[in-house]
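Chain naming follows the written order as A, B and C, and within any one chain the residues start at number 1.
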Amino acid sequence: MVEMAAVGEDTITRPVTVTVNGQKRSAEIETRLLLVHFLRQTLGLTGTHVGCDTTSCGACTVLLDGVPVKSCTVFAVQADGHEVTTVEGLATAEGLHPIQEAFREEHGLQCGFCTPGMMLTATALLRENPSPSEQEIRWALSGNVCRCTGYQNIVKAVQHAAAALEEGR
Amino acid sequence: MYPASFEYFAPTTLEEAGSLLEQYGDEAKVLAGGQSLIPLMKLRFASPRALVDVNGVDGLDGLAEEDGALRIGALVRHAACERSELLRGRFGALGDAAPQISDPIVRNRGTVGGSLAHADPQGDWGSVMMAVRAEVVARGPEGTRTIPVRELFQGPFTTALEPNEILTEIRVPDPGPKAAGTYLKLERKVGDFATVGVAVHVSFSNGSVQQAGIGLTGVGPTNLVAEAAEEALAGSALDDEAIGEAARLAAEAAQPHGDLRGSEEYKRNVVRVFTERGLRAAAERRSDG
Amino acid sequence: MAVTEDDVIRGIGHSVKRQEDERFIRGRGTYVDDVVLPGMLHLELLRSPYAHARIKSIDTSAAAALPGVVAVVTGELMAQHNLAWMPTLSGDTQAVLATDKVRFQGQEVAAVVAESAYIAKDALELIEVDYEPLPAVTTPQQALEAGAPVIRDEKEGQTDNAIYHWEAGDKEATDKAFADADKVVELDTFYPRCHPSPLECCGCVADVNPATGKATIYMTSQAPHAHRTLFALVAGLPEHKIRIISPDIGGGFGNKVPIYPGYVVATAASLLIGRPVKWIEDRTGNLISTGFARDYHMHGELAVKGGKISALRVKMLSDNGAFFADAQPTKCKAGLFHIVTGSYDIPAAHVETDGAYTNKAPGGVAYRCSFRVTEASYLIERLVQTAAYELGVDPAEFRRQNFIQPDQFPYTSATGFEYDSGDYEKALDIALERIGYADLRKEQEEARKEGRLIGIGVASFTEVVGAGKGSEYQIAGLRMNDGAELRIHPTGKAVLKLSVKSQGQGHETTFAQIVAEELGLQPEDIEVQEGDTDNTPYGLGTYASRSTPVSGAATAMVSRRIRAKAQKIAAHLLEASEDDLEWKQGRFSVKGAPDRSTTIQDIAFAAYTNVPDGMEDGLEGVYYYDPPNMTYPFGTYAVVVEVDRGTGAWKVRKVVAVDDCGVRINPMIVEGQIMGGLTEGFAIAAMELITFDEEGNCIGANFMDYLLPTAWETPSFELAETVTPSPHHPIGAKGIGESATVGSPAAYVNAVVDALAHAGVRNLEMPVTSDKVWAALEEVGLAQ
């Protein structure tokens, strides 16, 4: 259970149970609570970021049942009974996910704000298309905005991760 | 960034969903992909009292070819369309359009049915579905009815659907064994709305045009059909002259509004250019089965 | 472990992987919105829907009564504490919360503090403001017309909308050269209003703790020390009781240099309520109210005599918005715009600017502009391009013929800048070779016959960064110096504390590399700390590409001081004379007896256990660097585009960027900065725009209207370098952060113009959108 902000009579809440990074998390939340705020505020997972207010930038991207979605444009109640993966769920006990290593190796991040969303979208791409071309990578990432890198090293990072995952197979 | 409060329902059957809509009337909105509705709610341009989330209702996400026609469940995501082999060849207009809608992440949630029900004049599916002469199936308390997409849009963000109706399916008729189509979209960047979009869908018989469909995005109060251009193409050989004439007529049918994306004259010209290019491509593809 | 002979010290020149990435790739960065304090409240701002209106009344009773609302703050309440207005960095005042009038759409009018941001937003809707709309002034031309509504009628003595008039250069010499000229080339161009738009919006968590009397403010700040001093002056809080913590920042680009009303209101609210208050703006707030960039109307003229540029004359009109809040050295009303002679040897120049108030958000100096150098560089590169066409000379050749020559450095420009070093022709040649210039000109010719339009654009920029002598350059009176504090621990590790603040530039790595180079430690043995005013030296922060020129220099200098002391300790340990010692890679050895040596690690330990008599313990120091001059990075960018004659849309086929920023500390990071800047330059040239209708409604206040390119639109870049060290910088480095944003917009625009120039087109205005290109094609009969 999670503490609630002071509520009035008009507050409408629902209990939800969402599996986040493999762990079942339950809370009583407002129906209007966005998934990104559920993750950041209710669960304290601040790796998912908010960059805009028009569903345009992709900084809030998470995987919902393995599929990239903009968590600012999904209500937390819609994730009830579903699985969410955030950046915090990429590394395992064995170590960093190849995509994380790749971003560091290829200088695919500068300020780091778009990075969690970028990496999650990239992992979904590589699962569906293990050997994407540069054009395919740019196309797949066209919902994630970056202001710092100019994207070129991000593309290299995804190619690096693709090769690493291929090797690990 | 923070929507107003609402009652939330997640029915698992169409009956349940329907009775909720009946109960709340125009104070309820159907929540499908949410990629148009939720942004409006976050800016508080929409504050429905109740949301009826239909994502859990079975049977609304099928995508199949049946007797040469297409049946697309209302909840089919744009991304599924982007990946489907069915939407190439004869249904190329749909296959061309799907990857150009919004951006790849939004496409994972947004639905074809939701897009049509939202009726944004800058929405892509509306023009495509009009070009392919599709119809939608709507379920209300009195039963189901079909509405040709060409009769669906009544104004910006306004459709012929009643508040208590749910769109369940889109049916694209068989265009015949030889057909081709394209969707050309001019956008300033991925994720922007169309400056201009043109959907072209041509059925051929004995080498000439049996029927043509031309839908226009972003150049009117709703998605538009270039009827005069379609009529001019019927029976033609789809040669340069016919293409040029149809393109000219399509530009005339547009009702663009000058804005930051371009002047009226500019947008009209893009309609002409895209209609021409789309028809040329259809002509080249006419041998595809 | 000491470094052995075989180890390479990964100091200057190494592409060391970044230390900071560890937390970012795990999603464990701490950005301001990640900060959560016990009892924390949330603040949301109510913004004006009107560009210009009198406030007749504000009724906050319904908002205050909403459950979960703790306070509603208006300008009236702030005025009671003398906080309704605050000073700006340019000597003007700015409203914190509006009292008499609102002066731009989006201006802050009231604030709600509540238990959650959701409730605060609910309460905002319940605040009733009675506005009396006034006519809006939406262009500087309109603003300066006789009889225009006076925007700043609250300012004593302000009877119109003029802010300043400023000149640089020699008018007489310039006029004479123009009178003498063979040809005069003119260009009227507008650098539109755009916005740095970092992905993380601005915000703070203000915690004024009643128990300790200390105000801790977590803040998106590129200049925490300067902000602390300003807070002390504005809020009347004693400076030693203010702690500004700038944690991880999700991009700055100049957007996080000014002090915004949200920071002040949150701090005041925390002070009054006694609980921490978080304010995080939304993207609309960021775009509509925070420090925008550019909005410069420029008229430039080049005088040409004997095929060479003999003079430059510029008249500008600056749209500064409702408050003059430019973050720039105080004496520079137009920043460093007068660098506008660029890479060219121009004997005479005169620059004139007028600044005007308009009913728009305040600002102008931001977005990787190096204090208006973006505007200057754009103008000269577009002028030179135009001149080349008018004279019938190849644009690259015309530049070459007018470059400042290597033997002319240090070069004093016609407007008084002393350029430290440069070799412009070398960079141009590399760019032309890599882009395949000669072949491209042939291809362009052939393509025209086929009805295809290809364009090649070149820009050879020189910019000026870092900011110079403290006696000449101050912001709000504070000298533009910066510092570095270095301490070596007994076990040979080090901590380096800086007065600057990275927002993604990699300081935790690059500055460690400077120390590594000077002291022979590996970079991972050095922890770099920035951003907390409680434990870093004083300085003016990171913007204007100044961190390496200023704090980087300080870091080298303090390292050398420490090495000098280390040498004394080494002499003591080795029982030799200081003069008999030589230094190599972290080790002092006796000349001629290399086995008699001691490592920096051993010396560090000795600094706390075995110092010579009379010497103070420890191995540390602090250095405040007063730069003797600015530094002058330069380069040539070349862009190839193809234009669609049916739609006017243009696609970039290739970009070659040759940059010279002097010595490169970390080539990987330098290249990252360049690519980021080339992308922002592309965005500015192609799609970014904040504009207003006649009523002053802002178009471009969200990402549906303010367009940022994605990986799909953004071209790929081929990078090359030349290295011409700065002679006056301790490590020869110049700074790189802004070069590409400064130099590249003209390259892109020149390319598109070049595609149409054969038909007589000379200019296209930014953003060069497809409809504008098509209109130009129409006009010259090239449209399809």
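Methods note: contacts are C-beta pairs under 8 Å (C-beta built on N, C-alpha and C of every residue); 3 or more make two chains touch, one makes a residue touch a chain.
What you see is a predicted model; the values in this text were computed from it and never measured.
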Of all other chains, the one whose Cα centre sits farthest from chain C: B
Pair sharing more residue contacts (C-beta pairs) when A-C is set against B-C: A-C
Chain A-chain C separation of Cα centroids, rounded to whole Å: 30
Computed distance of Cα centres, chain C from chain B, in Å: 44
Chain C, residues touching no fewer than two other chains: 118, 282, 704, 708, 710, 712
Residues of chain B whose C-beta touches two or more other chains: 1-2, 4, 103, 190-191
Multi-partner residues of chain A (at least 2 other chains): 30, 32, 50, 53-54, 56, 139, 141-144
Touch list for chain A against partner chain C, complex: 5-8, 30, 32-33, 40, 44-54, 56-57, 59, 86-88, 90-91, 96, 100, 103-105, 107, 109-116, 119, 134, 137-139, 141-155
Residue numbers on chain A that touch chain B, as the complex places them: 10-12, 14, 30-32, 34, 50, 53-56, 58, 61, 67-70, 72-75, 77-78, 80, 121, 139-144
Complex interface listing, chain C residues touching chain A: 17-18, 20-31, 33-34, 36, 66-68, 115-116, 118-119, 197-201, 248-251, 253, 282-284, 503-506, 668-669, 671-673, 675-680, 702-704, 708, 710-712, 714, 716-717
In the complex, chain B residues that touch chain A: 1-8, 10, 31, 34-35, 38-39, 42-43, 51, 53, 55, 79, 99, 102-106, 108-109, 190-191
Interfacial residue positions of chain C with respect to chain B in the complex: 117-118, 121-122, 125, 282, 646-649, 687, 689, 691, 699, 704-705, 707-710, 712-713, 769-771, 774-775, 783-784
